[in-house]
Amino acid sequence: MLIIDMVRKINAMTGFTHAAGVEVTIAEQGLVEMTLEKKPELLQFNGFFHGGVIAGLADHAAGAAATTSLPPGKIAVTIDLHINYLAPAKGPLLVAKAQCVQTGSTICVVSVALSSVADQQATPCAMATVTLRVVDMPPLA
Amino acid sequence: MLIIDMVRKINAMTGFTHAAGVEVTIAEQGLVEMTLEKKPELLQFNGFFHGGVIAGLADHAAGAAATTSLPPGKIAVTIDLHINYLAPAKGPLLVAKAQCVQTGSTICVVSVALSSVADQQATPCAMATVTLRVVDMPPLA
Amino acid sequence: MLIIDMVRKINAMTGFTHAAGVEVTIAEQGLVEMTLEKKPELLQFNGFFHGGVIAGLADHAAGAAATTSLPPGKIAVTIDLHINYLAPAKGPLLVAKAQCVQTGSTICVVSVALSSVADQQATPCAMATVTLRVVDMPPLA
Amino acid sequence: MLIIDMVRKINAMTGFTHAAGVEVTIAEQGLVEMTLEKKPELLQFNGFFHGGVIAGLADHAAGAAATTSLPPGKIAVTIDLHINYLAPAKGPLLVAKAQCVQTGSTICVVSVALSSVADQQATPCAMATVTLRVVDMPPLA
């Protein structure tokens, strides 16, 4: 299975990302990009993307980026996540670019850059560092 | 307006928490508890609450706890959030208890304990520290 | 060997904590308290304890607290550390109290409360969450 | 005063960095590099740089990088620091490169890349994200 097909398969099987409408735009070894379009159920009361949704997308993209860098049969699950919010995510599209910084046999570390896109202009809105643990992948039914 | 009424009003106005079904169970000065019932769109592919949703609830509860400790007309917005996942959130109910550790004129720090509840047994599933900035509250239409 | 003796032995063997003058005041299973007296080489330019030294004490105390909760022959090494500074550490004594929140076979999580003590009054000055990995203890010569 | 002179002046006035032997190798607007040579009092019991010392250098370099991006008379003080350890810092030299990611009127965010250098080869050993608050600079005596 191609890397991007595996990432899309997990994305589609995951209630949160499927319902939110997360799209997988890039998935290579150690690098994943995902996008999310604005919808009412993803917003803060001021109409911008909710910080929790931004953290959620960062977490999901990080898990995917780490997993693509692991041997087949292994998956990375988040131990801890640290996210800094840099600017309100005002635009209609949220983009998360997750890049593996370290892939170990037990621990992975992933950096995630998050941008708000409006009128084809990307503005950084958050950055996250995610620490993950390598475990055996459960069967994907 | 009572503290709990203000927290519920913001919760209801917020697309993310309203759609997810977040309930405000406690809201006192500096202390807020929120709960979230399991639904397909909140889950990881293994059927547990998605880590991103847990982070989202932690963020929202922290913002509320900080805001209740501020003078009227002020609101706290997240600067950064750090969350450690301790165990899978397997139960049908997720509970976040957010307690202000520090309330300053510029910065607030909130600790959030997250539990998974099943058969009236609460199991810690995550813990978060959220750092927030104090800003003027926009008009709540 | 008693837990406190092991913690003191490692503390004495460690160049940083030995030179800084770290004292081990409590060491039980999963709980360690360490203190550090003010000295010029530990200070910020304003005469308070340097934030880096506070982070260093938090890291060391967390490693000890996690290690005391592990089976003999295992030691915990830091994967990542998150620290919030709450107030300047103005007093002559810095105290770190590290408590294990989770002890797993691979991962430990420790909460550290740091206080500045002056005139027998303790004021919280920082709080940290430290995530550690369990490894085999190297021989302590 | 040149930026590098100001950073060196504060570095020299600071007990911790002066005693440790921190050198300022680059200081431009929003970018600072500092180095630290191995000495017994900076080490872990295994002979590598202590994680606390690495966090301390990250904190100091971040504060300098943020301060260089602020208007004269302002200084940045750390609110919180998150550091991931990637590999043991085995080499004789530790290098921290701190780059401002965001400079606001109240909050700054700085990324710090830390490397261990041996035989002119740099190996990443840690990465940190530091969140700082802008305050008035006290008089530098």
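We call the chains A, B, C and D, going by the order they appear; numbering starts again at 1 in every chain.
By definition in this document, a contact is a pair of C-beta atoms (placed from the backbone, for glycine too) under 8 Å apart; a residue touches a chain by one contact, two chains touch by 3 or more.
Everything numeric here is computed off the predicted structure, so don't read it as measured data.
**Q** Do the two copies subunit A and subunit B share over half of their interface residue numbers, or under half; same or different?
**A** same
**Q** Which pair, A-D or B-D, has more C-beta contacts?
**A** When B-D is set beside A-D, the one with more contacts is A-D.
**Q** Based only on mean CA positions, could you tell me how far subunit A sits from subunit D in angstrom?
**A** Here the centre of subunit D sits 29 Å away from the centre of subunit A.
**Q** Could you tell me the distance, in whole angstrom, between the mean C-alpha positions of subunit A and subunit B?
**A** Roughly 21 Å separates the two chain centres.
**Q** Centroid of subunit B to centroid of subunit D, CA atoms only: how many Å?
**A** 33
**Q** Going by the touch rule set out above, which residues of subunit B reach two or more other chains?
**A** Answer for subunit B, listing residues that touch two or more other chains: 79-80, 82, 84, 129, 131.
**Q** So what shape is it, when you link every pair of chains that touch: line, ring, star, complete or other?
**A** complete
**Q** Using the touch rule from the top, collect the residues of subunit C that touch subunit A in their complex.
**A** Touch list, subunit C to subunit A: 79-80, 82, 106-107, 129, 131, 133.
**Q** Which part of subunit B faces subunit C closely enough to touch in the complex?
**A** So the residues of subunit B touching subunit C come out as 82, 84, 86, 101-102, 109, 111, 124, 127, 129, 131.
**Q** In the complex of these two chains, what residues of subunit C are touching subunit D?
**A** Interface residues on the subunit C side: 10, 13-20, 39-46, 50-53, 55-60, 63, 77-85, 138, 140.
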